[in-house]
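Shared between the two complexes below is chain A, which pairs with chain B and chain C, respectively.
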Partner chain A sequence: MLQIDNVTKQYGKFTALSEIDLSLENGVYGLLAPNGAGKTTLLKMLATLLFPTSGQIRLDGEDIFQMESRYREKIGYLPQEFGYYKNNTPRQFLRYIAALKGIPAKRAKLRIEELLETVSMTEHGDKKMKKFSGGMIQRIGIAQAMLNDPEILILDEPTAGLDPKERARFRNLLHGLAENRIVLLSTHIVSDVETIAHQVILLRGHRLHACQPPGEICRTLSDRVFELPLGEALPEGAVFLSERQTGAGAVQRVACETAPEGGMPVPAGLEDVFLYLYREEGV
Partner chain B sequence: MRCLGWELKKIFSMPMLWIFLAGCILVNGWMAGSGVSQEERERLVYRQTVQEKNGGQMVPDFWESLAKEPPSALREQLLEETAGAENTLEDLNTAELARLYLGLYQPGGGLVGLLEKKYAALQDAVDALGGEGAALSVYAARDTDRQFQRLYDGLHAALTESAFLALLLGIYTMGMERLCRTESLLLSAKRGRKTALEKGAAAWIAAAGSYLLFVGFFLAVYGIFWEGTFFWNANVASQFHTVQEAVFTKPFLTWGSFTLGEYFAAQMGLSLGLLLVFSLMGSAAGLWLKNSYIAFLAVFAFLFAQFAAPMLLSDAGCWNGYIAATFFPAVLWHTQPLWFTDGGISTVIPWQESWGICLNLVLWAGIFLLAYRRFRRKDVA
Partner chain C sequence: MNIPMPEENEKRAAVAAILKEGWRPRRMLPELWRMLRRMGLRYMFYGAQDVLFLAACGVLAVFLLLREQGDVAYAALFAGAPLCYMLFCGIAAWKERQIGVMQWKMACTYDLRQLTACRMLLLGGLGAALEALLGLFLSAGTGGEVEVLRAVGVSLCGLFAYGWAQLLLLRSAKWARNGWLLPCAWIMAQAALLAAVDPRRLNGFFVQVPLAVLGTGVLLLLAAFLWALRGYYFYGNRGGIRFAANR
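Presenting the complex of A and B:
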């Protein structure tokens, strides 16, 4: 179990995260919040790139910063800005990362071939990465994160910049990878999370707002989301969420306590909760 | 070790490095082959051949053997240059040298006492050299100073180029992951922040390898253009080997007895040590300062200050500061021509270059370890 105990991260007077308490076991956790909420800060602390100002992060009762390399050999990390050496091929790059992860050369060679197959990059294994698309680079990023078959997989905005096809491929891949490990996936793209995460972690005001299954989070807005034609005046207290096109014209989704005139109740989705929760943060 | 191999691979995959190496090799090759005089080359070949046959010491046997050589202008010239040679180190009074320097530079503070002590200690070394007849080494006779200077210039160029490389690579290897945006990946892997140690080692290994390449290539080209006239077995304290000071000329006085080959080997060994100092300096700056460009500017400003310090301090009459400044790495590099010698006013203790480099190794290893320790607890953006 990965235990985050009352963790705060401050940069001078600015508080990036405040008193975060989480217990993570095997499964997929979607870390959902707008930009600047502290998702990357939390993930970087879990990857030992940042040190908490206060609080502790423990793996099976032991502080991860005391464990040092014993902890890091159990994690796989895909950073938000995944850099690589442009003149490397995927095989060269993965061999280097394998060396850094302490994987013996012979085992690394086999593992690299397995992973290239998993991410459908075998035929591109000897081409220079500078010629790859964003999606191909991300696939290599996933492969490097998986090299050591980690117990904890930390993925920071892994689908940012990917087209829908690549994002779907990524979600399918993650389904396969999620067995028997903790997967922590940060994103501000709600659809990436609602289909694959068994728990959604919401941050608000740099604090933990919720850590629940998507269904339970959606129930917080149960019977309070309505659709009505775009342009219709909103009743007092109603919160505009989004708009969409239908066969009958454009409609707006709103959240309010009572049904507005002409409004149709619709099931609340995770995106509705996200937009409602973060409405004051300029989402 | 695997990680070290990868770090070296990353360094040597940089096209700019190969351009730099090629440029240095071309410059050094030009230095080795330039200024070749057919006349001087013939003289040097003759002098080396004669010594191989008849020995390299100016003793009665040497002149007897030389007289038996076929008559030639070269033989006559060598006879003339070596005629009446005496063991000039046998009666040399080093206290006189101390008086000359003290009179010329008029230092103050602790420097006066240190210089007197140094030259008193030198007397023992000179007596030993006198005892073994080092001054009677023929070497290249009156071509000695020129020959030595040519060889030395190549050595100094190689050290200068490699020192620059050691500093740059030390800074660059520490910052390259930020430039490539791979820092998060590397530091979150099992090896983590310890990769800084492999990076530091790789920077030095690359610089040391380049130094050996530069020296090797220089000697190879020199050997071709000067037909192998190295005189490796000659004693560097030969009476024909002199040091030109501002207003006087003095013998090349070494703390121990060195053949030219031994002297060069000692210079190369110590140069590798100085390269490690520069490498540690660059690595410490690269680790400490977030921005590689700022680290580069800071290091070179620091080196320039080191280089200027002895002159500024002596002009200001701050002689105790001057003493400390003679141990700076940039000053040790600058005084390479004086390594293993009395060193004039540029050194304050016997074997200063050796002690200085050892001291700097300890100091800069300590600074690097402090920077590394700080890095291990530093947030990675």
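Presenting the complex of A and C:
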């Protein structure tokens, strides 16, 4: 179990994260919050790139910073901005990272082939990475994070910049990788996590707002989300969430306590909750 | 207030970790040696072969300049001894930041701090070997005016003094973030010294220092360098990003 105990991170007077308490077991955790909420800060602390200002992070009772390389042996990390050597092929690049992860050469070779197969990059294994698209680079990024078969997989906005097809491919990939490990995935794109996350972690005001299954989070707005034709005036107190196109024309989704005139109640989705929760933060 | 007590398996794991770490003191050199054997020399400077080449060119340029300047050779050797080390550290770190590989490297089993410590040792050794060669060539090139042992001693003093200063700065997150400060400070200090004191007089000082004293200076600075390296290796940089890559 990965235990985050009352963790705070401050940069001078600015508090990036305040008193975060989480217990993570095997499964997929979607860390969902708008930009600047502290997602990357939390993930960097879990990847030991940053130290908490106060509080502790423990793996099976042991402080991860005291564990040093023993902890890093158990993690795979894909940062938000994943750098690579452009003139390397994936095989060369992954062999290097395998060396940095202390994986013996023979085992690394087998593992690299397995992972290239998993991320559907076998046929591109000997091509220079400078010719790859963003989606292909991200797949190599996932492969490098998985090289040491980590117990904890930390992915920081792995779908940023990917087209819808690549994002769907990525979700399918994660389904397969999520068995028997903790997967922590940060995003501000709701659709990335709503179908694959066992629990969604919401940050608000640099604090933990919720850590619950998506269904329970959606229930916080149950019976309060309505659709009405776009352009209709909103009743007082209603919060505009989003708009979408239907066969009958464009509609707007709103959140309010009572049904607006002409409004049709709809089940609240994770995106509705996200937009409602962060409405004051310029989302 | 309920204080959650650790579970049995957590207690056992914590005790086992303490015993494992507590009974056997960690030793930097054996750990670095094991890391080097596991990784291989090939991957120690991976992605920085071009930088090593540039640094070696810098050293060659220094040799070509000094070939005709036997009467200021020692002063120039002291000032320029860390050149290869400085160039490599600065350019490699800059390159890695530009490419954006530092973050995932920091999360690998052998993290950047361990890699940097190993690189510093290897670069120190490489630097020492280069200084020895340079001393030999200079001695040959100046017809014996430059003594080999003295040249090597002076340049090793400069190299280890710079390495020591760099490691002391790396203990502070604030200074570590500004990796360009020490090279600039070194260059400015040497330039100021050479401007204030006639290089030939400074050279004369190095000529007059007995070899035994020079040798002792080398050993003391080497010890200081290794002590600072050990401090850097084991205590890192708390409170900030534990980046290294020779910053």
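The definition used in the following text is that the second predicted complex is superposed on the first by the 283 of 283 C-alpha atoms of A that agree within 3 Å, B and C clash if a C-alpha of one lies under 4 Å from a C-alpha of the other, contacts with A are read in each partner's own complex, and residues count from 1 in each chain.
The definition used in the following text is that a contact is a pair of C-beta atoms (placed from the backbone, for glycine too) under 8 Å apart; a residue touches a chain by one contact, two chains touch by 3 or more.
Everything quoted here is computed from the prediction, not taken from an experiment.
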Joint occupancy of chain A by chain B and chain C, clash or fit: clash
Chain touching more of chain A, residue-wise (chain B, chain C): C
Which superposed partner A:83 touches (first chain B, second chain C, both, neither): both
Which superposed partner A:72 touches (first chain B, second chain C, both, neither): both
Contacts of A:48 with chain B and chain C, given as first, second, both or neither: both
Contacts of A:62 with chain B and chain C, given as first, second, both or neither: second
Partner chain(s) touched by A:102 [first = chain B, second = chain C, both, neither]: both
Which of chain B and chain C A:243 touches, first, second, both or neither: neither
Superposition clash, chain B versus chain C, among 39-47, 93-101, 183-191 or 237-245: 183-191
Contacts on chain A seen with chain B and repeated with chain C across the two complexes: 44, 47-51, 69, 72-73, 75, 77, 79, 81-85, 96-97, 99-102, 144, 148
Touching residues (chain side chain C, partner chain A) in the complex: 6-7, 9-11, 13-14, 17, 21, 35, 38-40, 43, 46-47, 96, 99-111, 114-115, 238-242
Touching residues on chain A, where the partner in the complex is chain C: 44, 47-51, 53, 60-62, 66-67, 69, 72-73, 75-79, 81-86, 96-97, 99-102, 104, 141, 144-145, 148, 154
Parts of chain A lying in touch with chain B, wherever the complex brings them together: 44, 47-51, 68-69, 72-73, 75, 77, 79, 81-85, 87, 96-97, 99-102, 105, 144, 148
Complex contacts: residues of chain B adjacent to chain A: 2-3, 5-6, 10, 13, 177, 180-192, 194-195, 377, 379-380
